[in-house]
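Following this message is one structure expressed as structure tokens.
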Amino acid sequence: MGRLILRRIVQLIPTLFGVVTLAFFMLALSPGDPARVMLGERASQARLDELRTQLGLDRPLIEQYGLYLSRVVQFDFGTSIKSGRAVTEEIADLFPATVELALAAMVFASFTGIVLGVLAARKKNSLLDTASMAAALIGVSMPVFWLALVMIMIFSVGLNLFPTGGRMNIRYYFTPITGFYLLDGFIVLLREGDPKYLMSALHHLVLPAVALGTIPLAIIARVTRSSMLEVLGQDYIKTAKSSGIPDFKITFVYALRNALLPVVTVIGIQFGLLLSGAILTETIFAWPGIGKWLYHAIEARDYPAVQGGIIVISTVFVLINLLVDLLYSVINPRIRLQ
Amino acid sequence: MDEPLLSIQDLKVDFSTNRGLVRAIRGVSFAIRKGETLALVGESGCGKSVTAHSITRLIPTPPGRITGGKILFEGVDLLQIPEPKLRDLRGSRISMIFQEPMTSLNPVFPIGSQIMDVLLTHTKMKKVDARAKALSLLELVKIPAPERRFKSYPHQLSGGMRQRVMIALALASPNPGLMIADEPTTALDVTIQAQILALLEDLKEKIGMALLLITHDMGVVAEVADRVAVMYAGRVVEEGEVFRIFENPSHPYTRGLLESLPSNPLYKETKRLKAIPGSVPDMITLGEGCPFANRCPLVRPECTLAFPEPTTLDTDHKVWCYAIEEEPVL
Amino acid sequence: MNAHESKEIILRTKDLKTHFTVVNPKDGQKQKLYAVDGVTLSIAPGEILGIVGESGCGKSTLGRTVLRLEERTSGDVYFREENVFEATPERVNELRKHVQMIFQDPYSSLNPRKRVSSLLEQPLRLHSIGDLSDRIQRVEALMAEVGLDPKFRTRFPHQFSGGQRQRIGIARALAVDPELIVCDEAVSALDVSVQAQILNLLADLQDRRNLTYLFISHDLSVVEFIATRVVVMYLGRIVEEATTKDLMAKPLHPYTQALFEAYPVIDPRKRGVTKRIVSGDVPSPIDPPKGCHFAPRCPFATDRCREAYPPTFEPEVGRNVACWLFGK
Amino acid sequence: MAESVSATNELPSIPGDPSPFVRFWTSLRKNNSAMTGLGIIAVFAVVAVFAPALAPYDPLIQIIGDRLTPPLTDGYFLGTDDLGRDMLSRIMYGTRISMIIGVVSVSIGSLVGGLVGMLAGYFGGIFDRITMRIIDIMLAFPYILLTIVIVALLGASLVNAMIAIGISQIPRYARIMRGSVLAEKESDYVLAERSLGAKDGELMFSTILPNTLAPMSVQATLGIGEAILSSAALSFLGLGAQPPTPEWGLMIASSKEFVTSAWWVVTLPGVATLIAVLGFNLLGDGLRDVLDPRLQE
């Protein structure tokens, strides 16, 4: 097992190297001049040249790349053109918000998706199966940003059940502790016995999490169902039946354990995709996370920020996939080393 | 004659397919006595596995459907009892082993716990006792170092070992009555097949259970069966004691089947086999007559109209064939 | 092997090895699989050489390597004294006119999207045999020769039964008029009654066209029926070689004996005779046992067997056994 | 010839036309999902082709006096947007754009990806290792992020969005193609044709290719749906179509501040997107059911 993990981590290095390279050249080669972006249209040539020298933009591209690479390995993504702050710092500030949202969405999607998928497979072609699979199909066919808007329209504007955006009631003077507001709210509850921060954080989280989780939910439900159906047709299920094992146990122990193997992979991929899907959802729900930040960075052609954002999101994505692969080999005894 | 352990009477099973309704089993009857080994033999698609799976109602429904007949096990019609009662019988009085030992065991659980699960389902054993019993079962099926193997996963075992585990699983009951073995050695190498057949023989004697052996291999039949039922295209065409079947095969199909074997001493010199011409009929378009009529050397006009009633040649040797009266009865 | 030195040889292999690299799913480590591990044999024209053995003995890989469908690891294959592995790709294609193959599974060895006519026409076209009308005629003749009605030439493989598909496979192999046909488990997937038809057909064709077969099968009775000489393989190596008659009369190698003992006898009266069933499993060709590969299961194994792989001995004229029991 | 052979010419009579295509079509016709999807796609295709004839208004003309007219009012079947443009006409013209984007970007992705996958799978070796490494790096970017980055590189426009979506979809086709080529390459019938003397080109394109089309066409169908969604997302972010193009995503984006007052301006383009994508997903699912050999019997 240890050797496998080590091998996989070593294998990651060229991939991450490729990611950094691609991110650098894509933006370095793209039209537009960062110096002009920073100084505005009316800046003098002298000022522009000065800034270019300062940013190292006057050097050959390959030299810039080498420089960038050497900084990236020290987790230095440069300074945001727009805010003037270190990109690493900005990302560190915003990351908890995105992770909290993505985790909430994923927990919601995985749990509901697996339950729906199992129930649908157990009663194949029943009303529940048809209805939930139709819903799942509609779920995967929706633009996520549109769903978010429609949900705001219905649940915030129409029914006034949830706030339209933000992470916490703005009237509360709240200083984040960990940056994960649910956790922070819980800490405050423990410390001061005041549940209002926890409740407010939860209240703000529900709508974006459900909106962001809908597509993964639909996908997980579909994969769970088809995986369950495939497993239920396997010989070892026939063996269990012919041994008199009760149906309930066959479904939820004998079959589900096997059926979950592909589902775990899908959950991992979806979790990674959620991080980028957040670009859309966070923008709509005014959720102060990486996605919204990256969106504005792209809009403003804030190259260091965009490069940094892409590299961080892709790295997290790759790490999650690695984690899922390892988890897969842990729950699949055919790969696990005894 | 004493009451048979299992008696199948006029069983009929249909399958609906894209191309139309397949009448896979068209009125099959046979019986197994306590402690006896009955081989249900026939070529692929003849319905022998479907028959076996019908006994414990493991036919996937849909597309399959049991449309008629009775399956009496110790006098109780298995087709009539409710599902929970049947489930109590499965694995305790009637157990099954399958062709593919590679896929018949759950890949994500250790084999010991799979055996324990069956024990705990059918008895009120404590876990410790179930573990001890499972270990003794592994020992019974001659798995070397059962203590160590107990925690093994199926993929860590060879095909032969897995089939032994399957047999142990089938014996995980306080009172096994009938074991249905569906092509238990087909996927195995011949040296391993010999081991498994010897083990089955041995266990039958020790435990006194009956064995319904589904196979296409006449060699396996000759090795282990007490009685034989020969199936062809959804019908039993001949049934009898194993010596009768091999020494006096009376249905033209049984005869053809035995003569097709390359190991038949008939061919030591000629270097040509006496093959049955033609191929198995399409089960969708097949009519009411004898399904073998289109390949039969003794075919008569009435053969294509209706399936014959059985002719009893002597005790326990029945043949479903019109041409049989002409044959001298031994 | 000396037995055939005097005679004409159509195909021979010299210490042929075909190893595969497989990846262990547990740790991603690469391992070697010794599928064929030093096989020397030869076939004379008109002979039917049976190759028999259990799964993992390398018999199918051997058949494929002979046709250069697998690359060898070492050793050589000679077709009429021409080294197949040193031939140019063009020459290999020419050689494939002379050596053909019949596959095990009649369901998977025919391209499901081609009609019988184009399946049979393809080899003719590839070797530029005749013009179009010629080829159509030849296709019909081939179908008739293997017992298929030429009017079915526009059908697709899925519209035939298993036996009929195998006839198509045979016709395709015959299309280029080969001298040698490698039959890789050619009748194993078929039901007994159909298997008999195909065996008869193969025997007829061999007579009529004076073909040479390399007949690979796990089924002893089939090999006994059709082959003139038999090679027994175990874990990538030949353990015994003899004429069919000699072998059936008296198997010498303990593994051959075990195989014969294990094979069911089609006579219920003889079942009482106590069998000596060999114990244990066939080891994996990834990690074959040291010394004689059969030693761990062999009732006669000595320390020497466990130490070194035995050379080939010739205890009787024309018989070769790789077993220390027959060493001087 | 021995008599044993002569009597083997009876074939089970199989009703219906025998060709694999006809077989495929008959089973597809029985598949509700596929037929519903095909129906939806057909309707959208007709609308796309005949948009100029079918649309009641010019999609770009602004009648400020009629701005934000609700549906079924004053002759506006689906109402008007915040600039007084007819929603129905805009959605109809949007169909054109979405269909073109879907087809073009999937063509780019599947042709490039398919070719790369075919060559990598068939020849293996160093080419395989290099291309698969590149594919891995592309897959290390989450799909939508990759698309966004490529558009950011090329500059925001509809054409660039198409190219970006196409490029982002290359890895999946390459992988699917490579996977099926690897599987087919080892299959008996390819081995058989190789043993007959067939050359690489023939094996790749005439033997293997047709047998890989099933998974590829399933993925391509689903890919069109996803391309439509991606294009809408890009336009929503201002990276795809530019105003006043009647692109669905852009329509949603430009009217999102009216969520509170005029439900239709946001809802309707989304519904159109949903139905169009649903059509392709239904067809894709249906195709998978029909083409998956494991499900056939």
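Each chain gets a letter, A, B, C and D, in the order it is written, and its residues are counted from 1.
FYI, a residue touches a chain if its C-beta (ideal position, glycine included) is under 8 Å from a C-beta of that chain, and two chains touch if they have at least 3 such contacts.
What you are looking at is a predicted structure, and each value in this text was computed from that prediction instead of being measured.
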| item | value |
| --- | --- |
| Chain whose Cα mean lies nearest the overall Cα mean | D |
| Pair exhibiting more inter-chain C-beta contacts, C-D or A-D | A-D |
| For subunit B paired with subunit D, centre-to-centre distance based on mean C-alpha positions, whole Å | 49 |
| Between subunit C and subunit A, distance of the C-alpha-averaged centres to the nearest whole Å | 55 |
| Distance between the centres, which are taken as Cα means, of subunit D and subunit A, whole angstrom | 25 |
| Shared interface positions of subunit D, touching two or more other chains | 2, 4, 6, 8, 12, 14 |
| Contacts with 2+ other chains: residues of subunit C | 161, 163-164, 196-197, 200 |
| Where subunit A touches two or more other chains, by residue | 334 |
| Complex interface listing, subunit A residues touching subunit B | 233-236, 238-246, 249, 254, 257-258, 331-334, 338 |
| In the complex, subunit C residues that touch subunit D | 64, 67, 69, 93-94, 96-97, 100-101, 103-105, 108-113, 122-123, 126-127, 145-149, 152, 154-156, 159-161, 163-164, 167, 169, 172, 175-176, 196-197, 200-201, 204 |
| Residues of subunit B touching subunit C in the complex | 43-44, 158-161, 189-195, 197-198, 216-225, 242-243, 246, 256-264, 267, 271-277, 279-280 |
| In the complex, subunit C residues that touch subunit B | 54-55, 161, 163-164, 191-197, 199-200, 203, 218-222, 224-226, 258-259, 261-269, 271, 275, 277-279, 281-282 |
| Subunit D-touching residues of subunit A, taken from the complex the two chains share | 14-16, 18-19, 22-23, 26-27, 29-31, 137-138, 140-147, 149-150, 152-153, 157, 272-273, 275-277, 279-280, 283-284, 295, 298-299, 306, 310, 313-314, 317-318 |
